[in-house]
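For reference, the structure is listed below as structure tokens.
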Amino acid sequence: MLIGHQPKDFLLAVSGLTVSFDGFKAVNDLSFYVEDNEIRVIIGPNGAGKTTVLDLICGKTKTTSGSIQFRGQELTRLRENEIVQAGVGRKFQTPSVFEDLTVFENLEISFPRGRTVFGSLTFQRDAAVKQRVEEVAEMIFLKDRLDTYADQLSHGQKQWLEIGMLLIQDPDLLMLDEPVAGMSVSERAKTAELLNRIIKGRSVLVIEHDMKFVEDIAHKVTVLHQGQILSEGTMEHVKNDPKVIEVYLGH
Amino acid sequence: MSDEKKPGLRSPFRRKLLMGMAALPAISMLPRTAFAEAPATSAVNTTGLAVTDSEVTVGILHSVTGTMAISETGSVEAEKLAIEQINAAGGVLGRKIKFIQEDGASDWPTFAEKAKKLLVNDKCAAVMGCWTSASRKAVLPVFEQYNGMLYYPTFYEGLEQSKNVIYTGQEATQQIIAGLDWVNKTKGAKTFYLLGSDYIWPRTSNKIARKHIEGHLQGAKVVGEEYFPLGHTQFNSVINKIKLTKPDVIYAIIVGGSNVAFYKQLKAAGIDLSKQTLLTISVTEDEIDGIGGENIAGAYACMKYFQSLDNPNNKAFVTAFKKMWGEKTVIGDVTQAAYLGPWLWKLTVEKAGSFDIDKVAAASPGVEFKGAPEGYVRVHENHHLWSKTRVGRAKTDGQYELIYETADLVEPDPFPKGYQ
Amino acid sequence: MIINSRFFNRSELIGFLALALLLFVILPLSLDIFRLNLVAKYLTYAFVGIGLVLCWGYGGILSLGQGVFFGLGGYCMAMYLKLEASSVENTKIQSTPGIPDFMDWNQLTQLPFFWKPFHSFPITLIAIILVPGIFAFIIGAAMFKRRVGGVYFAIITQAIAAIMTILIVGQQGYTGGINGITDLRTLHGWDIRTDHAKFILYFVEVVLLFACIVAAQFIRLTKLGRILVAMREQEDRVRFSGYSVANFKIFAFCAAAIFAAIGGAMFTLEVGFMSPSFVGIVPSIEMVIYTAVGGRMSIFGAVWGSLLVNFAKTSLSESFPQLWLFGLGALFIAVVLAFPNGLSGIWQDHVQPRIDRLLAARKSKPGNGFSVADGAPAE
Amino acid sequence: MFGDYSLSDLGAIFAMQGFAGLILFSVYVLMALGLAIIFGQMGVINMAHGEFMILGAYVTWMTSSAFQQYLPSLFPGYFFIAMSLAFIASGALGMLVEWALIRHLYKRPLDTLLATWGLSLILQQAYRSVFGAREVGVELPEWMMGSKQVTDTIEVPINGIFVMGLTVLITLAVAYILVFSRWGKQVRAVVQNRVMAGAVGINTEKVDRYTFGLGCGIAGVAGSAFTMIGSTGPTAGQLYIVDTFLVVVFGGAASLVGTIASAFTISQAQSTMEFFLSGSMAKVLTLLAIVAILMMRPQGLFALKVRK
């Protein structure tokens, strides 16, 4: 660890993060820190830059300036797959699963072994793989649908499958973009239960609009507005922040 | 293309009659044996070719589809005309010629494949065909392996000689040297700018031209040499270079669609071909059809045949050709050479008294065809033709007017010493 | 060869055996050597097709430059054969004996350095694989690392095909120009032009073809095959599952290039020459079409597609040269519009279910060994 | 190679060479504009684009023959009528093709490539059957031939000036239609969000059809203009297609300005290299440079940086 001033107990340290698209600063000099086993929810109005922050952390979008340290590793210099291998998992807003593959195969692909070209050629579907896949499938309520092609699943099931795919990667930092959006009420409840189960033992970064849901899970809330932090703290603190009320909650 | 209705042919009878009449000058020069009783098939065909008591099968192998169809159509037409005329005049050794036409589709393996079919499956006694060097190179091993006989009509780069091929067009030295000598002598040309499409015929021809210019013409030199991909259509840059170097002669061997672009742009750039000498060996009357006579008028072409040649053979040939294929068709050098193929084969077979390939190949040297539209031709030991070389000047109506012809037949020399 | 129920599922196994029966038994017995040699020529395109199934059907990478690799393989083989045909005594009329005839015509007086290794047959065989493989790797690495894909990749590969053709045609002293490398005679002293040789070469080719089918099937069944499918659908998800998408694309592209090169080398042996007309844009697109007609998702489809389209081409152009292009054009359009999965799609959607129903009706008793939903990933 | 020439000679040559580059530029822009609309705006890879150009060329040829035969006195002006007819013919065929073929394939861009390749084969054979395999020569009115003397040493071809003028006109027209007209706004709306555009009452099918027709119509006009400098034959269209696609892709497919800038860059590079090298090598080097640059900058020269 060359960078000594970084407090050691932060899992993720974002500092001075800026990105601009043709002059428009979608994220502007943003800094925040996530600790081990912390559940952080990012909220903010549309266009505040929430999804962009996740894109920047997972490498989908390149930063203009600033730094993202994960366990002391500078993520801005890594490729997406290296970031994943470093221990960051990301779920997208719309479910992105492989519809031409079965649930089993979807989960198997995410199993963290044989990720190189050669490794995937020699990859064996051994007992460890099968056991882990079944374990995760059980968690995401899809145990009896292992052989179903993913295009047959409902919207909610696809969301779960994607969460399962992240789970099997066993990341240290899990990033979820609106995990309950577009779900039915019963699915929503099940998802909350699922999330509550899987967030144990890792840090989670969630974007969510559903305030009830946020209140349920958040340790700490960050409010973004126009690419900058408007407020940060416990849900209680944020809720009572007049700036937040003005731009967001008050509406 | 083969069975299109052509205007001017009202009845099959009239058509036959015309064919027959057109062939008269040629027939009158044939030896009497042509009308004699047909000899027994077993005697004239000992190797199992497709010869019956009344028929003999030959192949026609050209592209009627693909990019080369443009050029090869004329050859197919000429070969069919010659076959009709020969049949009208009694056939070969008393047998009518039946032809099987195959499409090479402008694709060289297809040529090889079809050549093999014509020889192996159809047992053709001879094949008239190919146009590009590439297609000939592709079929040559086939003809040598299965011992067939190919009559190849195009003027080409030389550097080849085969027992199984009769080259009825000119090889490069025949076409080039006389023309360069002429332009050097009559125009006092000293500086030459060589242009060509980028493939073997123009490159080899320009190589021979360069050797001749630098080695045999007093004080003459090449001031530029350039090649363009086939199908190239932008010549403004090279035209500027020509303006810069001001050569006495532009020596152009550009082929296909590029020709059209080249001459149109030359004219547009203000290069007046009545003042600037341009000598080409690649533009026949066929190509002028596409270029437009007004764009190329004044250019000189050096080859062995022009449609405007003034002799009885040619007049009959042109009349018959137009009757068969329409008033608007034009006849270029290669078309005429293709017309020679069936006739030369007939004469050779009758000289040999046999359809056997080996006997035909052996009898070929010395065969004379007095009825050729270009005038008298004779087959050389090396299976090319002795022929005259002529220079013509393009007119706006798309025809060439004959300016010069060599006094004697020019000897074919496919492997010219000192030019390699 | 591994032929068991795990490696091929039931319908694939039937397909495999039917194809083997056709190519190893029926065709050699029923066709004369001329037609058999034609079939051999058609099959050389099947190699390209198998590669395209992997890289286009599975990986979603459409290359319009497979002719380049076909040509590279073919030229490697042709260079070896040409050197053998240009022995000093064969070429003694040349000004420089011992070099290929076209070099002599172009005033080359010694063999260019890159021709020299092709005196050796083992090196030639290695080059047939390596030269196209490395070339594909360079193109693939440059493009996929920078996330060039889809339409752009197709157009750039097309441009590469154009460049290659112009280069080969333009450098005729080194490549034989537009005529290509012709008049190839012997392989290691063995005359490849005889009927007997054609017969043997046919079987060599069919064996190689089946080796390629098995190799492609192997790749398809590994996790790599599933990653290719996954990548075609959701590239980002694959990336965020920890895979380097570019590397997998490079692999698929290189594999396709190598398959194409093997086809090209066989083409040279079967046809007896190689020319730039198999390198350019038109042949490259035609190869894609064969694959599309057979079914871009089916390895066997690619073989059938190459066979049938070429067979149709030969027979149609023999009898109706004018109609051929209309037919071919209409075929492409029909396949794309109505049958995007080609012949194999038609088979699977319309023929296979009927056969299944027929079989099911006949063997209605339980326990016959086939379970209908036999797609279980766990054994 | 410049040793023997005076400075003024050289100046004249460079001026003319610059002009040659400009003509090539105009040719590229004409070729690429139609495709930029079809490919850039609609995402359709139209491999039959060259055949639409050749249709325009054949229409021009037929018009010229008709005028020569029936209206020889009006022959000097026939070219303008021919160009309009070429636009209508190619545009109409384009709309027909869109209706029969393309509209089924909007979600599968790579498949449009295959289908339109099939279409191009059919069109080529149709031309061959109708017009014959040989090339046809289009006769131009006298005033369009020859060159104009600018100074003692500099002369410029008149048809070159004509092509350049035409290019400017068409470019302005296209720019107007796409950027300012109501219809252009609809086109862009459909490009950006088909569903939304449909929801606000734009007839997306009609917009698609007319956009494709416009692109093909421009191809027809380009083909008509090319009869002045190139050849007209059944397969001539294939010669243009790769160059055209490269120009569009190199410019960054979605932007018309990019297409024009890219045509300018490529034409100047090529005509400069042609002057110093042989035509073949110039072509190879130009293509190589384009491919190399595209590998480094896949989004093309002038694409906007957008948030994905």
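A, B, C and D label the chains in the order they appear, each numbered from 1.
Basically, a residue touches a chain if its C-beta (ideal position, glycine included) is under 8 Å from a C-beta of that chain, and two chains touch if they have at least 3 such contacts.
Since this is a predicted model, take the numbers as computed values, not measurements.
For the interfaces B-C and B-D, the C-beta contact count is higher for B-D. Set against the C-alpha centre of chain B, every other chain centre is closer than that of A.
Our note on geometry: chain B versus chain C, Cα centroid distance of 38 Å, whole angstroms. As a whole-number value, the distance joining the C-alpha centres of chain A and chain D reads 48 Å. Chain B and chain D have CA centres that are 37 Å apart. Centroid to centroid, with C-alpha atoms defining each point, chain A and chain B lie 75 Å apart.
In chain A, the residues that touch at least two other chains are 60. Looking at chain B, residues 64-65, 198, 227, 229 sit in touch with two or more other chains.
Chain C has residues 166, 169-170, 322, 325 in contact with two or more other chains. For chain C in complex with chain B, the residues that touch the partner chain are 34, 38, 41, 93, 95, 101-102, 104-107, 166, 169-170, 172, 177-180, 182-183, 185, 193, 271-273, 275, 277-278, 314, 317-318, 321-322, 324-325.
Touching chain C in their complex are the following residues of chain A: 58, 60, 79-81, 84-85, 89-90, 92, 96-102, 104-105, 108-110, 112, 114-117, 120-123, 125, 130, 146-147, 162, 165, 169. Contacts from chain B toward chain D in the complex involve residues 1, 64-67, 69-70, 73, 198, 226-229, 231-234, 236-241, 243-244, 256-261, 264-265, 267-270, 286, 288-295.
Touching chain C in their complex are the following residues of chain B: 64-65, 102-103, 105, 107-110, 112-113, 116-117, 120-121, 132-134, 137-138, 140-141, 145, 159, 198-200, 203-204, 207, 227, 229-230, 415, 420.
Partner chain A is touched in their complex by these residues of chain C: 219, 222-224, 226-227, 229-230, 232-234, 236-245, 247-248, 251, 373, 375-378.
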